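Below is one structure, written out as structure tokens, with a few remarks after it.
First chain written, first letter: the chains are A, B, C, D and E, and each begins at residue 1.
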Amino acid sequence: MSRLFEKTYLAPGAAPGHGVHAHHHAGKGARVCAWHYDQECLTELDGDRILYEGAGDTGRGFMWLHLQGTPGPEQLYALGSAFGLHPLVLEDIRHQGQRPKVDFFDNTLMAILSHPRHEQGRIEIDQFNLFVAPGLIISIHSGEQDPFEPVRDRMRGANRNFNRLGAAYLAYALMDAVVDQSFPVLEEISEWLERLEAAVLERPDATTLAEIHGLRRELLVLRRQLWPARDVIARLMRDDLEPFTAELFPYLRDVHDHAIQTVDLLESYREMAATLIEAYMSAINQRSNDVMRVLTIIATIFIPLTFVVGIYGMNFDHPDSPWSMPELYTYYGYPVVWLVMLGVVAGMLYFFRRRGWL
Amino acid sequence: MSRLFEKTYLAPGAAPGHGVHAHHHAGKGARVCAWHYDQECLTELDGDRILYEGAGDTGRGFMWLHLQGTPGPEQLYALGSAFGLHPLVLEDIRHQGQRPKVDFFDNTLMAILSHPRHEQGRIEIDQFNLFVAPGLIISIHSGEQDPFEPVRDRMRGANRNFNRLGAAYLAYALMDAVVDQSFPVLEEISEWLERLEAAVLERPDATTLAEIHGLRRELLVLRRQLWPARDVIARLMRDDLEPFTAELFPYLRDVHDHAIQTVDLLESYREMAATLIEAYMSAINQRSNDVMRVLTIIATIFIPLTFVVGIYGMNFDHPDSPWSMPELYTYYGYPVVWLVMLGVVAGMLYFFRRRGWL
Amino acid sequence: MSRLFEKTYLAPGAAPGHGVHAHHHAGKGARVCAWHYDQECLTELDGDRILYEGAGDTGRGFMWLHLQGTPGPEQLYALGSAFGLHPLVLEDIRHQGQRPKVDFFDNTLMAILSHPRHEQGRIEIDQFNLFVAPGLIISIHSGEQDPFEPVRDRMRGANRNFNRLGAAYLAYALMDAVVDQSFPVLEEISEWLERLEAAVLERPDATTLAEIHGLRRELLVLRRQLWPARDVIARLMRDDLEPFTAELFPYLRDVHDHAIQTVDLLESYREMAATLIEAYMSAINQRSNDVMRVLTIIATIFIPLTFVVGIYGMNFDHPDSPWSMPELYTYYGYPVVWLVMLGVVAGMLYFFRRRGWL
Amino acid sequence: MSRLFEKTYLAPGAAPGHGVHAHHHAGKGARVCAWHYDQECLTELDGDRILYEGAGDTGRGFMWLHLQGTPGPEQLYALGSAFGLHPLVLEDIRHQGQRPKVDFFDNTLMAILSHPRHEQGRIEIDQFNLFVAPGLIISIHSGEQDPFEPVRDRMRGANRNFNRLGAAYLAYALMDAVVDQSFPVLEEISEWLERLEAAVLERPDATTLAEIHGLRRELLVLRRQLWPARDVIARLMRDDLEPFTAELFPYLRDVHDHAIQTVDLLESYREMAATLIEAYMSAINQRSNDVMRVLTIIATIFIPLTFVVGIYGMNFDHPDSPWSMPELYTYYGYPVVWLVMLGVVAGMLYFFRRRGWL
Amino acid sequence: MSRLFEKTYLAPGAAPGHGVHAHHHAGKGARVCAWHYDQECLTELDGDRILYEGAGDTGRGFMWLHLQGTPGPEQLYALGSAFGLHPLVLEDIRHQGQRPKVDFFDNTLMAILSHPRHEQGRIEIDQFNLFVAPGLIISIHSGEQDPFEPVRDRMRGANRNFNRLGAAYLAYALMDAVVDQSFPVLEEISEWLERLEAAVLERPDATTLAEIHGLRRELLVLRRQLWPARDVIARLMRDDLEPFTAELFPYLRDVHDHAIQTVDLLESYREMAATLIEAYMSAINQRSNDVMRVLTIIATIFIPLTFVVGIYGMNFDHPDSPWSMPELYTYYGYPVVWLVMLGVVAGMLYFFRRRGWL
């Protein structure tokens, strides 16, 4: 697939949810884990069983089902059946490259966010799907690495927030982890930018150009994810949605704040990258100008001199004519020619210096 | 007609609907098909009869009248009479290049969308007109190929959605097929962009420039269609219109989501194309600079040398003068000149290297 | 007056309406016509009489007073007296270069629109003032040609709309004619753009630059008119104004649609023109680069050769020295020099080809 | 002070209104005039007395206090005491470079507008402060020249509007005079632009560049004033403020219209100036290209020729060798060399013409 | 840390408020001061005691706790305990590079603003946190220097405003001081811009380019702070928040006005800097063109002359041939060659002058 087109999509006209149950789907599916949390106590459950049988009664605590990797068709089917997810939702999980969004189906909130990684000059986007239902959190992260271990560590510690605020606080913690992931990526990009800046101002060459161009492309890829992510968080706050109570609002505002900051930084970097191209072109032009000046000075000094010595290389030779290059036969002819040539050089140098070219 | 002006329009001052009944209209008109759907059963009807006689009573199911191609004046007149369409609507069907829009006339919803195709570096736009009335769907697609066969296949299969949600679900399915058509087009454009990117960074020439320029023009053409298409879908959702009930909203949101994604991708591509021109200019400048440097090095090395050898080509020849090119008659004169010239070359090379030109 | 400043204005501090009655006003004033329409019947009246005496009772039908050309002061005064127009309105009629707008004074709606013409690479703007009062339409068009003859033809034909919808339908028809006038202008601009595009990519020269620059200026002039025109129509629809009843709304939406399309096209053209300048600069740079390459190749091939032949043009001549250009006196000296020179040429060509300059 | 920073400001942390009463303030203060208007009759009063003692009872008419020039500290103190102005308002009067704004303090409306002048390629901004209280208008204009004499002339004449609409009409008349002042400034800028346009397309040089740059700077300065001025007028209309009754609305709309037009024109000029820089760069590149072409043609024609004549200037001279430049001793050697050289020239010219360089 | 990424952030997934109590935190913490104000009387208190024990009962007056510098973990913990601040708030204080914002926790208003400094071509941002609770102001300024001494001077003087309006007026005074701090920074930037402008138009070189680029980067850094600062003040006004009563509104409007002006100026400077790069490139191109012209003139004059003298340096020498360079042996050959060469020079000069290159 093309680098600039990261979406998988159905053939136009196909049914929504089509391809979800397809058996020709290759790949190993997602790793499934599940936990139950109650009273500051996190218990690991059999993920696969939960996936196929549903959450059951979660008591006072809440259940967290986590799928690491893109689920296979069977897993998707199980998800759909056991948790009553709409076929369109399954389609969104299945097809990478979704735009961050938030949606509601009955009493289930679904949010899609993107989890960027910076790998050797490329921004890779992992998709993060989050479902929040009463007493139940389902999270699906399409990457290889599970980024939520720090969150589980906090759940294992004596963290009253999880106890007091329940599943909604876990939803916040997961979204916070995903949004904050942009900061290390943006920090690496800022270092990349500074490296390129130094390269442009000191020794611009063709690889610099290709790098700036690549950086701008990656910033565009990242931008397609960060802007809608900001709107997703804003909408969660604005709509006063079910699981997010007033007590959780300071936390959501904090995530929103971070989402805005990522967008602010991104836009600054985009602008820096654009000015970098201009600076690159200016630097190239400046160098070109310097080279031209040296060429001009050397050429314009020597071209007239070469003409002068050419004159006296002519073989005019009429034995009787007094017009036949008499200079050649004068006593001081040769040193006079040298003096003339030195005069020409001096005049040129004076002219160049006055023009500011030296 | 000009490539950049794809609209057919009436002479200013002409009556609305004028030209619709014109008999001087050439062309073969549209192919007309019709189906009746009820209880998971799709029955093909005589399209031409329906076109001229109207839908009649459609019972519990619904009727779908489809015209493939731009209708001729007689067909338009029949449409207007049999289904009571407003003359302005007929004018919109007749004149290609309409802006996507949604409108209401009595109990009929009319939507115009555009169905892009990518053909050899050109975006071709087919116009899609959709009419939704109770128990009746009329669709008019101006292209050669009928893109809705996959939809009919789904209707023929045991698809409960068509049964349960009726004509509105068909309307959704048709709009979904038309909007999703942008994805393959955008994917081809993304590949085109990547090809151009490689060309710019590796071997930019005049055809690259013409291609980038052409790509930007096609993106502008596509943009004029995709932005209003997004708004059409948004308005269908916002206005809570007659045939689209709450049960259909997740589907409309899905189409809206896809429409936003096409716009997002398009804008990314437009920006990439703009940066591509800048990169192209930078690359051309860079090459120009390289060429200049080689010229300068060779010229500045040889121009002084040529002057030196020119000196000793002069014919000063005064038999008695000790100033008359005495160097010519010294024992080591010739090798000394060579040494001087080698010294000049060495100095030049040192100067160039210090300047970073080698 | 300057091309970019097309407004006539009063001295700052002057009274509104000042200059309207001024007697130092030269020019022949406007041609005045008037018609009465009732029951599909259009009767021509004595325009001048109506202008000076007012409309009187128009019965069931309506009256249409049309002024072709900029009215003189006496005509303006008559308009003001006979139809009770506000001095500020008269000032707007008098001063060309008004921004399209819509305004209300008592029961009179006033709309100003602009009627563009394309004349030999220049956009000329005629001002169109429309007044709609119960049973009365006043239209003032500042151009030479009356563009509304097709509208009158429709009124003379058996057009039920004029009969049924009355003066408001005529107002619509006039605005429609004025807005649609942008389409032929935009079509000519699109052809102009395509001509320039071909010129840029094939044979860019200084006149191309001047033409692109001129086109951009004309697009700016046109833009100042089309954007507010769109808002005028939108406001007529939004405000649900007196003479425009629900039955007229589909017609107004149609005009609005056309106004949006003109803006869409205009913005596309503006962007094309901007990319054209970039393409022009790229093309110039590309050509410059090509020229440079040829110069470099020829110069770098011949400059060293000229140096070589210069060497053997030196006159070192010491009778006894074995160092005094012994090559000159060897048996194969001359052909060896030729071989050396051919070797230099071959090396150069190889170098250039490897660099991709040939 | 810097050209781009035209604001005078207090040290951060200083009290608002601080510096207003400062006695170290140099400068001669403002000229103070006052008039009383009643029943179409304008009576001049003793301005200084009014300034220090306040307006008193103005009867049925209204009082107009006008200060021409920046008021000194004593005058400001008097204004504050006699008319009860807030210290922040006095600070705004005192510090030039305020942004146009409208504000309310109790029953007093305060508007700040800017009155631009164009003086030899610079936009100078005079500040205009207007206070409207019942029966009282205070106007402060920071310039040297009083621009409101035409307004007073209208008051002296039999102008029913002043009589009927009172102080609010005077407020309108003053704002109208200040807003309309932008038209002559914009007209001069449009002429400046056209002069630069001609210079760019015909004979671009370094002073053209400096002038375009200066024009863009002045447009930025003007822009900082015109945009907020538009909003000031819009807010007066929107808020339905005390002294501006329905009868005055057509007049306010007219001022608003003019304010929009100034912004429209300004934005067009800014865009023209931006395209002018691009056109300038294109023109410079074009000329550079032309120069290069001539150089290339002449150099590439003569460099090979010079090589040819160099060959036969070599002194190879082996008495017995048949390889020792035998051409020199052939009967037709010299004319053959000429023919060869003419052939080279013809070939070159053909090559150049085919490339389109001639 | 990178220059373009000025934020300190927690590892993604870490708990909010994490790191606040960390004991591995180095650094000396903030200097703590406290004052009590009542009845125009400012009493200094023991800041450290207040920090650890809380404000207690402040009577009719109010308490001001000020921390100068970034607080250490112990101080933060004390703040959180004694004044009941939310862990997220403590995190915001701890992590520099926050975006200006306003937030509410129970009855405490928290505002973050930024206090820019210009130091040798770099914009340094100090963070300013302000807490407003009934009878209590807490301010934290991350810089070295306490910028609020002028505010305390006003409190010590007989300033009725502090007495009458209480803590809210102090909050206003502090925000006013912080916002106004942008003016001297912007003034220095405007001077920097003018210096660069002169450099670009008079003697552009590579350091100019690096400086413009640096200026643009600093403007981007400043922009990230000023835009949200404006919104913070606007929100304080719009939301009609607790401590800010109607009497304080003119003061808030004044701060808002200043915040808008800083944004206006900043945007003007950003645009000027962007046009400066264009002007720089134009100037470099212009100079390059000038250099090229001189080179072309000198080279094209001398290259043909060198060819001519090269001709008569050839050694064709057939004793009997009348074609063997007969010119060499004519009586006036040499002066005729000179005349020919002078003719060539004259022709060239005429050609160049006609082209406008001289």
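Things to note:
Just so it is clear, contacts are C-beta pairs under 8 Å (C-beta built on N, C-alpha and C of every residue); 3 or more make two chains touch, one makes a residue touch a chain.
Not measured: the values here are computed from a predicted model.
The fewest steps needed to get from chain C to chain E, moving only between touching chains, is 2. Shared residue numbers account for under half of those found at the interface formed by chain D and chain E, and the copies are therefore classed as meeting with different residues.
Inter-chain spacing, taken between the CA centroids of chain A and chain E, is 25 Å. A straight line joining the Cα centres of chain A and chain C is 40 Å long.
Annotation for chain B: residues touching 2 or more other chains are 278, 281, 285, 288, 292, 295, 299, 303, 306, 310, 313-315, 325.
With chains as nodes and touching pairs as edges, the resulting graph is a single ring in which every chain has exactly two contacts.
Residues 1-5, 7, 9-16, 86, 88, 91, 99, 101, 103, 105, 203-206, 209-210, 212-213, 216-217, 220-221, 223-224, 274, 277, 280-281, 284-285, 287-288, 290-292, 294-295, 298-299, 302-303, 305-306, 309-310, 312-315, 325, 327-335, 337 of chain D are the ones that touch chain E when the two sit in their complex.
Put simply, chain D touches chain C in their complex at residues 147-151, 154, 159, 173, 176-178, 180-181, 183-184, 186-187, 190-191, 193-194, 197, 200-201, 250-251, 253-254, 257, 260-261, 264-265, 268-269, 271-272, 275-276, 278-279, 281-283, 285-286, 288-289, 292-293, 295-296, 299-300, 303-304, 306-307, 310-311, 313-318, 320-321, 323-325, 355-357.
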